[in-house]
Structure formats: structure tokens, C-alpha cells
Amino acid sequence: MTGEPAQDLVDEARGWWRTDLIDISPGEIALRGYPIQELIGTVGFVDAIWLMLRGELPSRAETELFEAALVASVDHGPQAPSIAIARMATTCGVPVNGAMASAINVLGDVHGGPGQQCMELYLEIDAELGRSDEVGEATALVLQRHRDAGVRYFPGFGHRFHPLDPRTPRLLSLVDDAASDGVIDGRFAAIGRAVEDAISAGRAERIPMNVDGVTAIIYCELGLTPELGRGVFILARSVGILAHAVEQMSQGGRIKGPVPKRIGYTYTGPARRPVPHEREP
Amino acid sequence: MTGEPAQDLVDEARGWWRTDLIDISPGEIALRGYPIQELIGTVGFVDAIWLMLRGELPSRAETELFEAALVASVDHGPQAPSIAIARMATTCGVPVNGAMASAINVLGDVHGGPGQQCMELYLEIDAELGRSDEVGEATALVLQRHRDAGVRYFPGFGHRFHPLDPRTPRLLSLVDDAASDGVIDGRFAAIGRAVEDAISAGRAERIPMNVDGVTAIIYCELGLTPELGRGVFILARSVGILAHAVEQMSQGGRIKGPVPKRIGYTYTGPARRPVPHEREP
Amino acid sequence: MTGEPAQDLVDEARGWWRTDLIDISPGEIALRGYPIQELIGTVGFVDAIWLMLRGELPSRAETELFEAALVASVDHGPQAPSIAIARMATTCGVPVNGAMASAINVLGDVHGGPGQQCMELYLEIDAELGRSDEVGEATALVLQRHRDAGVRYFPGFGHRFHPLDPRTPRLLSLVDDAASDGVIDGRFAAIGRAVEDAISAGRAERIPMNVDGVTAIIYCELGLTPELGRGVFILARSVGILAHAVEQMSQGGRIKGPVPKRIGYTYTGPARRPVPHEREP
Amino acid sequence: MTGEPAQDLVDEARGWWRTDLIDISPGEIALRGYPIQELIGTVGFVDAIWLMLRGELPSRAETELFEAALVASVDHGPQAPSIAIARMATTCGVPVNGAMASAINVLGDVHGGPGQQCMELYLEIDAELGRSDEVGEATALVLQRHRDAGVRYFPGFGHRFHPLDPRTPRLLSLVDDAASDGVIDGRFAAIGRAVEDAISAGRAERIPMNVDGVTAIIYCELGLTPELGRGVFILARSVGILAHAVEQMSQGGRIKGPVPKRIGYTYTGPARRPVPHEREP
């Protein structure tokens, strides 16, 4: 075999994994071009998250709005399956990485997806705004399209537990401040409010925007993709997941089930029956 | 650059992943040297498990004993954290692969490890038997060594729930039959019984061997390593994990917590307090 | 508080987890009504898988066909991401449960889903057969519907690596035998072949059915849902995942990356740049 | 049944999950006693991490030192198995939660544990300092104890890739500044340096402290437990894991193996052989 084909293969192997994110050589690490030793102690952790996900450093005002959304999402208690899973996992003898993995893994379309889905809805309305003059009109049009497709529940609005999510008004006021200050342009705040108005119209009680609906505004305003929206929610919720895992470790417990053993579960299957000695061939 | 270094790199890359398990070329797949099309329909699934893990096909009697242990381990109900996790995961919008992953992941040292640890104990006693003539003596010596090191609970014996594990006598009788038939030599059955005798001595009630203790006998007799012992337990329990995940999907539920929401959890932290406006620099 | 509400809550808690699968009481375990001690040593592991997933024991002929599909799916080598992940995981100090979890987790829509998606296609054609007389016609109609919706690639046909998947002819001949023997009715075999004919029509080379296409036939014939189809594929592939994890453990290696370090990866991001000392507020 | 036993069961169920972390009631969420709406926009994300893990808000100087360590740990490139796994997972059709879970899961004892293990070493030396007057002496004593137990490699020192880890000097200087300012007392910095001196003594080249060694100093100075040390490393590395997963999504690829297919892997098992038609009973 001559040198050329081998060189081709080496080139292919070198190009197999490509990244804009990090460049490493002996004694050197750079993130997005910035030497790591210059970043350390100069930029904050939230700045570093933004840099990694977006490519450039944020302004201070962007960081502040972004981290308000992260703070809002760190935990929702042991009733959340993700948190319960983290706690159960530690009682099975799994270290924190495993407990966090089993928990983060369930932040799927239903448990971790509403924020992402709400961003997709807002972006669809925003795209419609190019064609329609008015937010309310564009919103009505898009919601009708979803209803025609069978959608009956809009992610980001209403809550199974909180009549009014305490995180929403506070985050919305930060969004409004940032819009006044020109940090963001505020059009996704208008879209979110228009959705709340539209789905609440004609009802005795409003269906208020929840934390997913308002963080979706923030992430859209800041230019994150919906996929990244789910990603940063996971980063935030990982804090609660870790905290609960470690708290459960300190409480102890071995192979802790979901409910006390004296309560147990309900068997609904067939009554006792013998295993047939002869079976159909 | 000349051809040689590139060829060196290609050789290094080709050797980076090495396996005795499977050989694939276009149109051909062989497991442990056997063409896949000859295995299909000729050997059973349990034979294929053994072939992959051990390198050779088992005898029919080995397969039978092995699969008795697998059948014994498929499920232990929704009170087991692994099973509850699989069920909760599906209500979070996670597909079966994710539900199974989050569940299997928690079969750690405590929830999935006792069988493996019991195998290690038996193997330690077996190693001692090279030096000591008698099983009871070797067992006493090894147990004492563990007690001296602070061990108070021996994996594979006693059960938090079953006074007598219904799987144990049946599996033990299959082990005895296999020993009579010369399929296995039976020395790990003797070791397991010696451990039960030793830890029950002087107690009002025996501490009976549980399913981990008896499957550990089977896996040791069949020549599996302790690590593989945990692995095949996971394969078996994956069946129950999958069955529960799919059953929960058919039951429905969204973001189902561990206990009913009306019951909830107990908060034990600090009472409400304001966030300090000034903090220590 | 009077007794009634507490009793209500207890009832709610008892009914929170419900299952047809397993009934446990002290000293007793029954799967689908069968006492575990009667199942052990009487039914095979594949029978137990079927019992858990389907509710009843299979006939011997059903077991044989089912396990042929399982044997066909145990492994596809270290080039498969799932297998590579299992191997890398062990070099990170993760035990087998964790290595298996990280690997099984990636058997998602693309890596683990084609069989399930192919089952959905077959079932859609089968539903159409109620309305249309002829398999070829129903197939053409359904494929056109998918093409109109933008589908260009049909899961279960063609292979990136094998011109002809060696597992397909062997499994198909077992399907035909089972149909001749009246074990299955064979209509999904006809559907699968009709799909292969339809997508190959007018091409220089046929797009042959691959292992996903033929196991989808088997699972549809045996009455599994598509979701269960993915599930049993995962059970089968778990065998290879475990075998590779354990083989890598015996080979050693610490924090083993995907390619040799001397080859590495390609950085495509911005050139070195200083961290700005002043940033936009 | 009278009310009392039911009430007992309800009480047991209510107390089954207990937490100091979060209190939720309709319309209210408090973390460690602080109403969430007061935390949002008032404290930073790193403050919230600290609050959840430690129980109280940090001083600003503590936050700065803590987040310098987090920034230092966000990524180590596609050669790291965790990162490669995140990237491969996305090509298997797994969403970000699943990709992150499979990746985080492998931050086990070897890939995610050195920082934790280094903290344990430092804490052991610190405990010795209660008995011994001098850091060098306590360090020598503890290292000798480990060497006597067969330890030959001390976590936190030396690097397979970087002759000098560029993160170490920068972080150490921040530690020294914080010690001068009285934010921390600096004794773990002295311990870390003493370990470096001791293990480098008599060698031609020093074995320099790496990022695990210096972040272990920071986490010990800040009062984190070793388990939390691993936890916060995982939080930091999750940023890189997410960034790589999303970058791979944008690059595309389906079922992307670890190395180019043309390079493949090396089969080292038995040559082709026929499946035996007769097997030992």
C-alpha cells in the first residue's frame, strides 16, 4: 500500500470529529478562541454557558436576564419524577453522576419539553408576524392552525398545581425592564401575552402563563433555538437534581421505593393459576 | 510527510477497537466465528447470550440451569426503584429505550450488586478451600475475616420482605439435580449452604438464602465472573423493566410523581425568610 | 380529621401504582398469575419474556420464531454507537449497569427505531388491506401517501454496509416455515415482500429487506405492538452491549476516547483571541 | 378499619419524602425558605447553586472563587469519552436530555472521580494536621499510608496530555488572592502544594497539579464535601456536553460510530466455524 491512501484515511479520521467549541494542544486550552486561563476569573459561569452555546460572550444585561430564567428553574420538588428518580437512584448505591443521569434522562418531551414546545409556538407566531401586521391576529391564526390539527393544550400556559405561577410575574417584569432598556426588543413578550389573552378569551378564569411560557419568552428574546431552550432548562434543573440526590444520600435509605412498603401497590392481573405442563407445540 | 507515519496512524486507528465477539464484512456477520445465519433458528436466545459472554456454546443442560436463574429474576414489582423509575419515565414522554436506561442505570451496588457480591464471597470461600479441607471451616474463616473488617450483613441471605424467598428452594433443587447429573460439580451449592448455616447458627430463626444467594451459586457453578453475574441479572430484570414501562404507557399519566399529589412530601427546611438585599462582599 | 378522608388517601395511595404483571406477598411471587416457583425450570427465558410482555405463555412454535429474531439482533459491533458507548463507559470507571444504561439509552428513533417504524408501516398497509383487495395495491397506496408527505427513505430496507443482510434470507425462510405450519398467517411476510418490490421497482439494483424489515415481519406476525418491537430489539441488543462492556473491562484502558489521541479531532472555530476586558453592559 | 391506622399510613406516606430544599404550595415556591420570586433577578445562578447545595447564600467573594472553578471545567473536547458520547447519542436520534444523560452517566470514578478523590486526600491530610504540626510532615505521612496500601497514582496531579495544565496557575493565583483577602483560610492551598512537592521530590521533572488538584483545593476551602465536589464538576461539564450535543445536531450525521467506517475495528476472535448440529446434552 502506498502512502497516499493511508494519508487519506488519516485525514478522514482527523476530520471525523470537528468542533468550533474547544481547541486543545499540550499546555493550551481555548474555548471559542479564548484562552481558558483568561476566561477563568474574568467571565462568570453564566457567561461561559452563553459563550459555549452561542459562540460569543453576552453583554452584562443579557447575562442577567438569562440567569434570572436559570434561577427560576432549578427545582420543583420531590413530586417531580426527575427529582424522585435522583433520590431513589442514590438509595440503590449509584453515585451522583448516575443519579443525575437517570434523572436528567426523563426530562423528555412531556417533563422537559413544554418550554421548548412553547418556544416553537412563539417562533411560529413570530414568523407569521412577517405576513400579518398585528400580534393578536398572527396569534389567533397560529392557534387556530394548531387547534385544527387537534391541539387542545398549549405548552407554557396553565399549571396543574399553581393557580398563578409565582415565577411568572417576576420574570415578566424583568423582561419588560430589559425591553425598556433596549437589551431585547420585546416582541416575544408581546407574543406570549397575546397567547395568554387568546387562550383565556371567553373563559371565567384566565389560563395564566407558567414558568415554561415566560422562560420561553426570555430564551426567544435572547436568540436561543428551541433545542437549546430545553438544554438550558436541563442545566438549571440539574442543580435541583444534584441537591436532592445529595440530600437523600445524607438521609440514607436502601432501595427506597416510591411509596412506603406498607402501602404498596395494587395488583390487577389474573388470579393465581398453575403453569400448564403441556403447551401447544 | 512520508507514507510510513500515516500508515502507522492508520494501523493504530484500526487497532483502537478490538473484539473477539463479532466480525462483520459486507454481507457477512459472525459471532464468535459462527456465521449469524447458521446461528439463527439453530441456537436459542439463552445459548446466544452464553456464546457472547463465554465464547463457546453451552450444553443443553447448562442452558437449562442458566435460564432457570434468568426466569427467576425478571421482575420484583413497582416497589422496586428500578421498576418505579421505568414507569415514571414513560409518563415524562420518554420512549422505551430511555425508560429502560434510567431504570437499568440504578441497578447499582445496592439494588443490583448483592448477587455479584455474593459470588465474590463464594469465590473467596472456594479459594480458601484449596488450603482448608472442609467447607464449613473455610466458610467460618472467610466470614470471620469479613466480620473483622466490619461486615455485618452478607449479601444473598435474608430478605426485607420474604420470610422465605419462594425462588430459592426451586432453584436449589435444580442445582442439586444438575450436580447429580454431572452438569456442574456442586461445590458452590455446598458453599452457599455452609454460609446459610454459619450465619444462622445460634439464632432463633434461620437467615435463609434469597434469590441473590442461589443465583450466585448457579452463576459460580457455570463459571461466570461476578461482573458477568451482575450483567446477566440486569439482562433478566430488563424484561420486567420493559414490561412495566409498556404497561404504564398503556395506562397513561403525565409527569407521574412517586406518590399521589394530595399526599405529597414533607418540607423540613427553614421557614419563609426574605432574600437579603445586602450580602457580604 | 376523621377516619374517612385518611382512608380515602390510603386508597388513593394504594391505587397509585397498579399492575397486571406481578403480585407479591411475603413468601409469594406470581407473574401474570403463575407462581414463580412453578415457572422456574418449567418455562424458558424467552417464554418468560413473552409472558411478561403479552400476558399468556406462547406456544413452542411461537417461542422458536420469536427467539430467532432475538438471536439475529444481539450485536452489530464496535462501529455501532451503542456498542462503542458501552465500551467507552467502562473505561470511565462505570460498572456494567451504568455502561449498559448509557448504551441502551441511545437506541433512539434513529439507532433503535427503524424496526418499530417498519412495523408501523406494515400495520398501516395491513389496515389498508381491509379496504383494498390486493397487497401490492395497498402497499403502493401507503407508500405513495408517505412519499407525498416527504418520506424518501423507508425503514427496514437497504443497508449502509451490507449489500444483502445475511440475516434476512434465513429469518424469512423461518417465517415461511411458520406460515406453512399455521403458526402465523403470513400476511406480514407478504406485506414486507410487497414493500421491497415496490421500492425496488425501476431500479437497477433491488433495495433488499434488512434485519429491521424482517424482524418487523416477525413481530407483527406474533402480535407485538411497534413499541414492544423496539423494546424486544433493545433486550436482544443488550446482550451485545453487555458482552462488549465486559470485554473492554478485561482489555483495560482509562478514559478511552473514540479515536487514538495521536489522531485527535479537528478544531474549526475562531482563532485565538483575547478575552475583552470591557464588555457591553 | 378505624381511622387511626389509615391516618398512620397517611402520615407515613407524607413523611416518605422529606426535604430541606424546597417548599411548594399552590402559588408559592420557596428554596431554602426564600420565596422564588425574590430570588429571581436578585441572586445569580451560581448563588442559587450554592444555596441549594449548602443551605445559605454565599458571599460575593465566595461566589467568584466558586465560579472560577466552574468556568475552568466546562469542556475538554471530543476526545473525552463523555463528550464523544453526547455527540454520538444525538446522531442516534436521541434528544438533548438523553444525550446529556448518557454522557453525564460516564463521569464515573475514573472520568469524573479524580477531583472527588483528590478532595478526600486533602481532607485526610487536613485531619492529620490536627495531630501533626507541619503540612509537609502530615502530607508525607498520609502519602506513605496510601503508598503502603498500594497506591501509585495520586489523583489531581500530572496529566496525560498537558505538561502544565493552563488552568492550574490561574486558579491557584485566585485561591491565593482569596486567602489574602480572608475569604478562605488557605490551608488546602498549602496542602495541595505540599502534595505536589512530595510526589515530585527526587524526580527530574515535577508532577504538576492539574485542574482536578486545584479545583479540589477550591472546593475544600469552600467547605464542599467530596461527593458535592464531583457533583459540581458534573454541573460544569454539563455545559460542554450540551454544547457538543447541539453542535453535532447542527452538523447532522446518522448513527455515527467512533471512527470512520473505512477504518473500522480489528476482529481478534476465532476464525469462521460451522455451528455444531449436535451439542452436548
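List of remarks:
In this document, chain identifiers A, B, C and D correspond to the written order of the chains, with residue numbering beginning at 1 in each.
Rule of thumb we're sticking to: a contact is a pair of C-beta atoms (placed from the backbone, for glycine too) under 8 Å apart; a residue touches a chain by one contact, two chains touch by 3 or more.
These numbers come from a predicted model, not from an experiment.
Residues touching across the subunit C-subunit D interface largely coincide between the two copies, over half of the numbers being common to both. Greatest centre-to-centre distance from subunit B is found for A, with centres as Cα means.
Averaged Cα coordinates give subunit B a centre that lies 27 Å from the centre of subunit D.
Subunit C and subunit D have CA centres that are 33 Å apart.
Subunit A and subunit D have Cα centroids separated by 22 Å. Within subunit D, the positions touching two or more other chains are listed as 9-10, 13, 16-22, 35, 39, 43, 77-79, 84, 94-95, 98, 101-102, 105-109, 112, 161, 258-259, 263-265.
Note for the complex: subunit A touches subunit D at residues 9, 12-13, 16-22, 24, 26-29, 31, 35-37, 39-41, 43-46, 48-49, 52-53, 64, 67-68, 70-72, 74-79, 84, 87, 95-98, 100-102, 104-109, 112, 161-167, 169-171, 174, 225, 227-228, 230-232, 234-236, 238-240, 242-247, 249, 251, 259-260, 262-263. On subunit D, the positions that touch subunit B within their shared complex are 10, 13-23, 30, 32-35, 38-39, 42-43, 57, 59-61, 94, 98, 101-102, 105, 258-259, 263-277, 279-281.
Those residues of subunit C whose C-beta lies close enough to touch subunit D in the complex are 1-4, 6-7, 9-10, 13, 77-82, 84-85, 88-89, 91-95, 98-99, 101-103, 105-113, 160-161, 254-259, 261, 264-265.
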